[in-house]
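Structures are listed in the sections that come next.
In the two complexes below, subunit A is the common chain; its partner is subunit B in one and subunit C in the other.
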Partner chain A sequence: MSFEKEGFVPNPILAGLIGICPLVVAAKSFAEGAAYGLGATLCALLLGLLIPPARDFLPDRLQAPASLAISAALALIYALCLGMYSPALAAGLGIYLPLLAVSGLSLVALRLSSFPSRSGPDGQSRLAVIAMQSAWFLVTSACVGAAREILGLGMLTIPTPGASLSRIAVADFSPLRILVSPAGGFILLGFLVALYRVTLRASGRKGL
Partner chain B sequence: MMADKREILVENLAVAAAIGVLVLLVAALSFVSNARATTQEGSYLAAAFSCASPQLALEVDDPAFERIFLLCNDSGNLYGSVVSLRGRGASALVGALYSPQGDLRGLHIIDSFGDSLSGDERELVSHFPDAERVLDRAADSIRNAARKGE
Partner chain C sequence: MSYLGIVLTSIFASNALLAYGFGSMPERERKGSASLASALALACVNVVASTLLWLIHCLVLAPLRLVSLDILFFALIAVPLIKFIARMAQQGAIKQGSLLFRLGEKSDDLAVGSLVYGIALLSARSGYSLPEAVAASAASGLGYWLSQFLLEAVRERLELSDVPAPFRGAPAMLLSAGLMALAFMGIDVTFVKNLVGV
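After this line comes the complex of A and B, so read on.
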């Protein structure tokens, strides 16, 4: 892993393709992308805090089911809180909210498996690396949602509390309506992944 | 050998107890969330259809709607529900008003993403392919709620 040598944390979505299905299907606006990214970030950070101490006293055979149970509980708690904050946002993300358990667990498992000790060779703690990776996830999902919404519908949805979400009209026309559909989400993500890999290659770094 | 088995049993029970505590926490939050959602949905329907004090009539296990409310206005007893619709690149939260016989009396768009919608049934059906089926299921649930309320 390149981050172990040079402190570089690759983008988990663009380099590792983690959590892309909910991202291209459900996160079709800035509000949904930010809400999904925030959920994955909070789940990953809490899992990063809870799983390493649990590993110290849990036997190997119980570590995987316990991690899964904690991850699923955190995803459910986030989904319930989001439903209380904004029912429209929770309804928009729908069945993809429970999938946060998988995204959060993937972000943590990826780091724990490549980072067996409490801190890496460059002195970064495991939690700091998980936090950086989660921040990448949050920023990327919010940006992908915003790009799809602005280019697809010419508007930007703000995640405000209450019955309906606030929307700002950015343009009078919808230049690329297809971007709001799942197919358009995959196309946009494909371009972003290509751009990210070209940038990484140019700077001599490797992804995941 | 016996001591090993006892140790494994104690470990398993300890983990099961910890997961049980987690489940209780989620259940408690779910209870609070459900109570809040009931109040919120009732207030959306009351505001949308000018009905005072909506009462929860039935809780439903449907992916598109969860609660049926009894609403009273000038035209007598009516039933309402907040329905979630999803289509290709569009989603909407819609308040639906029904007669006790399950006839649709009105639709009110609470929030919509994609296109601006007026609340016309034909427009909703053209935007959301499953809207007709969802509204039919809501009508069935309302007939059940009305039968139970009699």
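After this line comes the complex of A and C, so read on.
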């Protein structure tokens, strides 16, 4: 990855398919996609901040299980907070909220945080790499959720606080209802990755 | 539901990869992930993880009304135990290429990831008894292996086909996974219930 060229910025999530499989099932609507992406982003960023100092006072044998426990605790705290903000949204995401602890993004953050130096394997700042990947994950997750909901159900769910979510009707019919199912999620993501590659080539980049 | 129904549902209708998105696509895995050692390792790791999580969930956390903490206990107890068993299997193997060594190696890789966590959480939270949870988790592991096996076969065919450049690799695999998920959706819970009885 490189920040040198301006213009089109590579999306490591679509290029590397990081944490993409749970995403295609969990992000059924804009609200769920945004909530899942935000959870993964916060977990990854906090792991990037917390793990390196924790490594200093933990013995080598305990570092891996402790890192995983911290990741699980962060996912749990996010799940509880989301449950308080919007019980309907937390219920919709269900089992995927605790699984944020082992999402692809969290595992990347854990792996990057395990490097002894402050920079990652390619010399960039560790936190900068995690922040960029997290930001792309959040954007991708929200966009996939919105696309699936608009094309699949003809509506858009807004992540408002409270017992129920507010929905905006975009169309009075369901153009591609299959997109709401996991199968539709895989198919939509396949087209998105292909579109990303076309855009990447048009901008003169070869990929990551 | 009968044990046969639980097994069929876990393999097809609730397939770990195609219905829940646990694990990763074959594009991201080493070739040969659909081997016998992979299938056995998946089943073993899932059974150990699900049994542990079921015991923690039902015998410790549920009476204390702390079921939402199951993921934390899983990370603290189950993952180190799986890794320990995997390393013991590797050390106990007679030679490096033996089935036991490969089992240990693959189990060690699998211990941390959404696949084992997800299947264990589903088994513990779905209200199954312990034998049912064990059957469901082993079948889920085999279902994941089946989808990987089929997708690897599709990938081999795709490598020989004239696929448009932007769709080569991951996009073609995602589209194939979507079509396969559609086929698996046909074998839903109602169909299984009608087939094998409640």
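The criterion applied here is as follows: the second predicted complex is superposed on the first by the 166 of 208 C-alpha atoms of A that agree within 3 Å, B and C clash if a C-alpha of one lies under 4 Å from a C-alpha of the other, contacts with A are read in each partner's own complex, and residues count from 1 in each chain.
Rule of thumb we're sticking to: a residue touches a chain if its C-beta (ideal position, glycine included) is under 8 Å from a C-beta of that chain, and two chains touch if they have at least 3 such contacts.
On a predicted model such as this, the values are computed, not experimentally measured, just so you know.
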item	value
Contacts of A:C21 with subunit B and subunit C, given as first, second, both or neither	second
Subunit B versus subunit C as contact partner of A:V102, first or second or both or neither	second
Partner chain in contact with A:R177 - subunit B first, subunit C second, else both or neither	first
First (subunit B), second (subunit C), both or neither touched by A:G190	second
First (subunit B), second (subunit C), both or neither touched by A:V198	second
First, second, both or neither for A:G39, with subunit B first and subunit C second	neither
Contacts of A:T157 with subunit B and subunit C, given as first, second, both or neither	first
First, second, both or neither for A:A69, with subunit B first and subunit C second	both
Which partner reaches more residues of subunit A (counting touched residues only), subunit B or subunit C	C
Shared contact residues on subunit A - subunit B and subunit C	65, 69, 73, 76, 80, 95, 181-182, 184
Complex contact set, residues of subunit B against subunit A	11-12, 15, 18-19, 22-23, 25-26, 29-30, 32-33, 36-37, 40-41, 44, 63, 82, 84, 86, 88-91, 93, 110-111, 113-114
Partner subunit A, residues of subunit C touching it in the complex	17-25, 27-28, 68-72, 74-76, 79-80, 112-114, 117-118, 121-122, 125, 165-167, 170-175, 177-179, 181-182, 185
Of subunit A, residues touching subunit B in the complex	28-29, 58-59, 62, 65-66, 69-70, 73, 76-77, 80-81, 83-84, 87-88, 91-92, 94-95, 152-153, 157, 163-165, 177, 180-182, 184
Residue ranges of subunit A touching subunit C (in the complex, touch as defined)	17, 20-26, 65, 68-69, 71-73, 75-76, 79-80, 95, 98-99, 101-104, 107, 178, 181-187, 189-191, 193-195, 197-198, 201
